[in-house]
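Notes follow the structure.
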Amino acid sequence: MGKVGIIGVGQSRFVRAYPGSIREMVFESFKEAIGDAKIAGKDIDATVVCSAPEYDRQRSPAGVLVEYLGLNPQPTFNVETLCSSGTTGIRAAYSLVKSGLHDIVAVLGFQKTSEITAADSQERMGRGADIQWESPFGTTMPAYFAMFARGHMEKYGTTMEDMTRVRIKASTYGVLNEKAMIRKVLTINDFNAPASRLGAIHSSPLRVGDCCKNADGSSCIILANEEKSKAMSEKPVWILGLGSASASVNMAGRETFYSFHSAKEAAKKAYKMAGVQPGDIDVAEVHDGFTIAEIMAYEDLGFARPGDGPGLIASKETYKEGKIPVNVDGGILSKGHPIAATGGSQVRAIVLQLRGESGDFQVKDPALGLVHNVGGAGLYTNVIILGRE
Amino acid sequence: MGKVGIIGVGQSRFVRAYPGSIREMVFESFKEAIGDAKIAGKDIDATVVCSAPEYDRQRSPAGVLVEYLGLNPQPTFNVETLCSSGTTGIRAAYSLVKSGLHDIVAVLGFQKTSEITAADSQERMGRGADIQWESPFGTTMPAYFAMFARGHMEKYGTTMEDMTRVRIKASTYGVLNEKAMIRKVLTINDFNAPASRLGAIHSSPLRVGDCCKNADGSSCIILANEEKSKAMSEKPVWILGLGSASASVNMAGRETFYSFHSAKEAAKKAYKMAGVQPGDIDVAEVHDGFTIAEIMAYEDLGFARPGDGPGLIASKETYKEGKIPVNVDGGILSKGHPIAATGGSQVRAIVLQLRGESGDFQVKDPALGLVHNVGGAGLYTNVIILGRE
Amino acid sequence: MATLAVDNRFNEFGTMSFTSVTRVNDFIGYLQQGRIMGSRCKKCGISFFPPRADCCHSLDSDMEWFEVKGTGKLLSFSTLRFGPTGFTQGLPYTIAVLDYGDYKIFGRIESSISEAELHIGMEMKTCPHRLTGGHVDYVFQKT
Amino acid sequence: MATLAVDNRFNEFGTMSFTSVTRVNDFIGYLQQGRIMGSRCKKCGISFFPPRADCCHSLDSDMEWFEVKGTGKLLSFSTLRFGPTGFTQGLPYTIAVLDYGDYKIFGRIESSISEAELHIGMEMKTCPHRLTGGHVDYVFQKT
């Protein structure tokens, strides 16, 4: 069996409220990816559509999207794992290609979160928890991650200032990313000034500034088998490792509150499949839906030892010039979080890094990249390792 | 690359209103499939969960189900293509196994349609159409299929009596199937008697009796690679062909109203992959959500020439003793339609036929079977060819 | 085509709309003026109904409006005795597809036309239609 | 465990319930009597909270109820200043997990306890709690 390559990537600009329908929003990233791959729609043998369905009134969006994009009669289907839906789609597409069922598969990720209110959005995300035993208590994603923040602080002495550093790093690169929703350089003052909006408590200990914002957006990643990748692309990027894992949805089923077991499991599998170690990774995109999530990701992925995540960012080793640059496109904290479009945006960021096409935030000559995408509060994690060779 | 086998099948009894939660309902088919495969939960490397999400309030059910079934930390995700979600899950699981990512994958299909009213259910199914351009006119799945019924009648002279015959055949076998929701033998009188409920028009020309009923239920299919299939199962059934296709969701994008283009495309691909012809198939399950759908399936699958579908059922060739027995477990019309559980139930029916374990409705010594599962009004179709060798 | 952030005119399409914001919201503006419009790709010349903001052939977004004129052939239809939530007041009603050659139109038959008057293949025309509450759609009428 | 078709007692769990029918509906009956119950597999002896109708180890469904007693250790907690639709009236409120050794319990801290009084590792107990409208749940209280 040959390798599976990525031959085209696209992303819409992530915005607070996209002034169009989902089909029109998805068209933007699709057109960019098709142009990037220098192929035509008819070259695509199948599509995988990634969406967390509660955000839109269109049921079964796959059908509507493939019609709009002119991809009938090729097959399509919808996949979902909450905020990690995008990389779940890429995992599914990888296996469709690797299995020989299809030669070229497009993965379309999107979310239009703007049509519902923020409270309704939290309610829907809350119903991504166990609706029988947890949602009746009024749960939200920020509160779940906050429980992990508190656990990490208790276990390792992590501070709010450590978390602030993650957001400041994100803002450093977000300002450079034309597709990011939030493009403002932040300093510690933005958190500590009296009456600071970002410093206000959201769900203790997390502050407003520790939490990402929902966004509208779409992403498109085009995969191909080895033969077509080599024939069609000058710089194919190869999928070398894929790891995926789950954890109990109910917090009562978790062993600890300072690490995501699903992330450690997924990373272990991805490293094993790729035959590489954490120290081999040159650039990474990790799921920074919350500042604490990036710190835990450093540790769960093996970039830092357990408890050493705060030190890694304090020493700026996850900045562009550091030993392991992380989220140097601004991450979710700056780009915004269009739920099921996020994974594709992360993969696109690494593909562009490996091609040397990241412009202002290009890392020096990376050969191996990693994507870490979490659904729910560690309910699902996907880790993908990409390489130039 | 080796073959992919099915080593375990399970199905809950399909009922109008399951007296429990989705996790409890899925447990029933999971337990049956695990017992059938003679494996333990820990042998399962990943699960694919099939659900049309609007029927339940639990978002992202995959997480809840794998926790309840004790399948953490193995990966899982949700897939959806409306009424064909179940076979989409099997297609995804096939590729996960065939690609080498996993050895053993369980596909869990379920729907608990009883928590919403029939009108709400029609509204949700209507939003499985194009919500921008069609749903505002008040569309329903019965009305869409009715347009195809009228198209078939116009093109080929098909009659309501031809459609009645499909329902009567379904009832003949439904009464024998302990897992079916509707277990009553019907005659032509049930349609033609004055004030007959089944004969009342639902969406012209279709009558109430031409339409399936929603149900609650779950199905579980366990797939394994060739090595594990042979080691673990005495009678593995092999997946020989898989075809999938889409059509425009908007009826304004369809060329004709007497055939499903997606079904013809999916069948063509599945036959090609399996290297067989329609005439080689010994037993089939086709998507008889509506009587006309079974007649069109005969033609789209090549069991009858275009327009000859009514003749095939009139001559009883799709009965158990005929040349191509179809839906001899009662089909969707008798079993009921728990949307995303239906595909798994169809696959289970064919697996049991190929193993010779179908009891009262066992076809004589079949070697090759076929499953045809349609999502929406021909929006998606999956065709799967299964064999003993 | 309109790109205002608050242009939610599509809320007014049909008995009950499920879409508020779309880049073809001008369709509603035209419909309120009594004109039924499709869109055409300026590059390919392909005519689309329903109208689109983007061409799926050339992947261009430079589209122009054109008015639906003349008659189309009735391809199929069904009269509903059971409707979804929100539509039960208007029962029975008949949905149908007309074939205009270059494109097809899905919609409803005008409510005064009985099912017995309909047959596949007949020519019909598409006419603007006002509903209560300022909503608009279109209906198929006899020529 | 109850299997009546209309046993929808779970509608009454918590501020807002999203589940009506479950085979562990008797949990609500016990809670209304002031008892917080888990379930135990008669075959494996494993104790589950939240209670289940089926054991994921043996795949048996022969379960018995047991009462949650004693105290659990506070594993983590968060006080929400922003709540989802339907929960904003009660803000701020604190969610938490207690570790009872054999099992853990997710719930809310009793509303009179200030955040400053809480620390990870402290022992707390789980107590039945009545809400308006006949709803019931449980809260964690100081020992």
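We just call them A, B, C and D in the order they show up, numbering each chain from 1.
Convention: a contact is a pair of C-beta atoms (placed from the backbone, for glycine too) under 8 Å apart; a residue touches a chain by one contact, two chains touch by 3 or more.
The model shown is predicted, which means the values in this text are computed figures rather than measured ones.
K.L.:
Would you kindly say which chain has the C-alpha centre located farthest from the C-alpha centre of subunit C?
P.N.:
Greatest centre separation from subunit C goes to chain D.
K.L.:
Could you see whether A-D or B-D has the larger number of C-beta contact pairs?
P.N.:
Comparing A-D with B-D, the pair joined by more C-beta contacts is A-D.
K.L.:
From the mean C-alpha coordinate of subunit A to that of subunit B, what's the distance rounded to whole Å?
P.N.:
Distance between chain centres: 34 Å.
K.L.:
Could you state the distance in Å from the CA-based centre of subunit A to that of subunit D?
P.N.:
Those two chain centres are 33 Å apart.
K.L.:
Could you put a whole-Å number on the gap between the CA centroids of subunit B and subunit D?
P.N.:
Roughly 38 Å, centre to centre.
K.L.:
Please tell me the distance, in whole Å, between the geometric centres of subunit C and subunit D computed from their C-alpha atoms.
P.N.:
52
K.L.:
Where in subunit B do residues touch two or more other chains at once?
P.N.:
Correct list: 21, 57-58, 125, 127, 130-132, 250, 253.
K.L.:
Indicate the residues of subunit D shared as contacts by at least two other chains.
P.N.:
18-19, 22
K.L.:
For subunit B, which residues count as touching subunit D in their complex?
P.N.:
Residues 17-21, 24, 27, 30-31, 34-35, 41, 57-58, 68-70, 115.
K.L.:
Which residues of subunit B touch subunit C in the complex?
P.N.:
Against subunit C, the touching part of subunit B is residues 117-120, 122-123, 125-127, 130-140, 142-144, 146-151, 154, 200-206, 250-254, 257.
K.L.:
What part of subunit D is in contact with subunit A in the complex they form?
P.N.:
Residue list for subunit D touching subunit A: 10, 13-19, 22, 49-50, 75-88, 90, 93, 95-97, 103-108, 115, 120-121, 137.
K.L.:
Subunit B touches which residues of subunit A in the complex?
P.N.:
So the residues of subunit A in touch with subunit B come to 1, 21, 23, 46, 52-54, 57-60, 62-64, 66-67, 71-82, 88, 91-92, 94-96, 98-101, 124, 127-128, 130-132, 242, 244-250, 253, 261-262, 265-266, 375-376, 379-380.
K.L.:
Would you mind writing out the residues of subunit C in touch with subunit A in their complex?
P.N.:
Those in contact with subunit A are residues 3-5, 7, 18-23, 52-54, 56-57, 59, 61.
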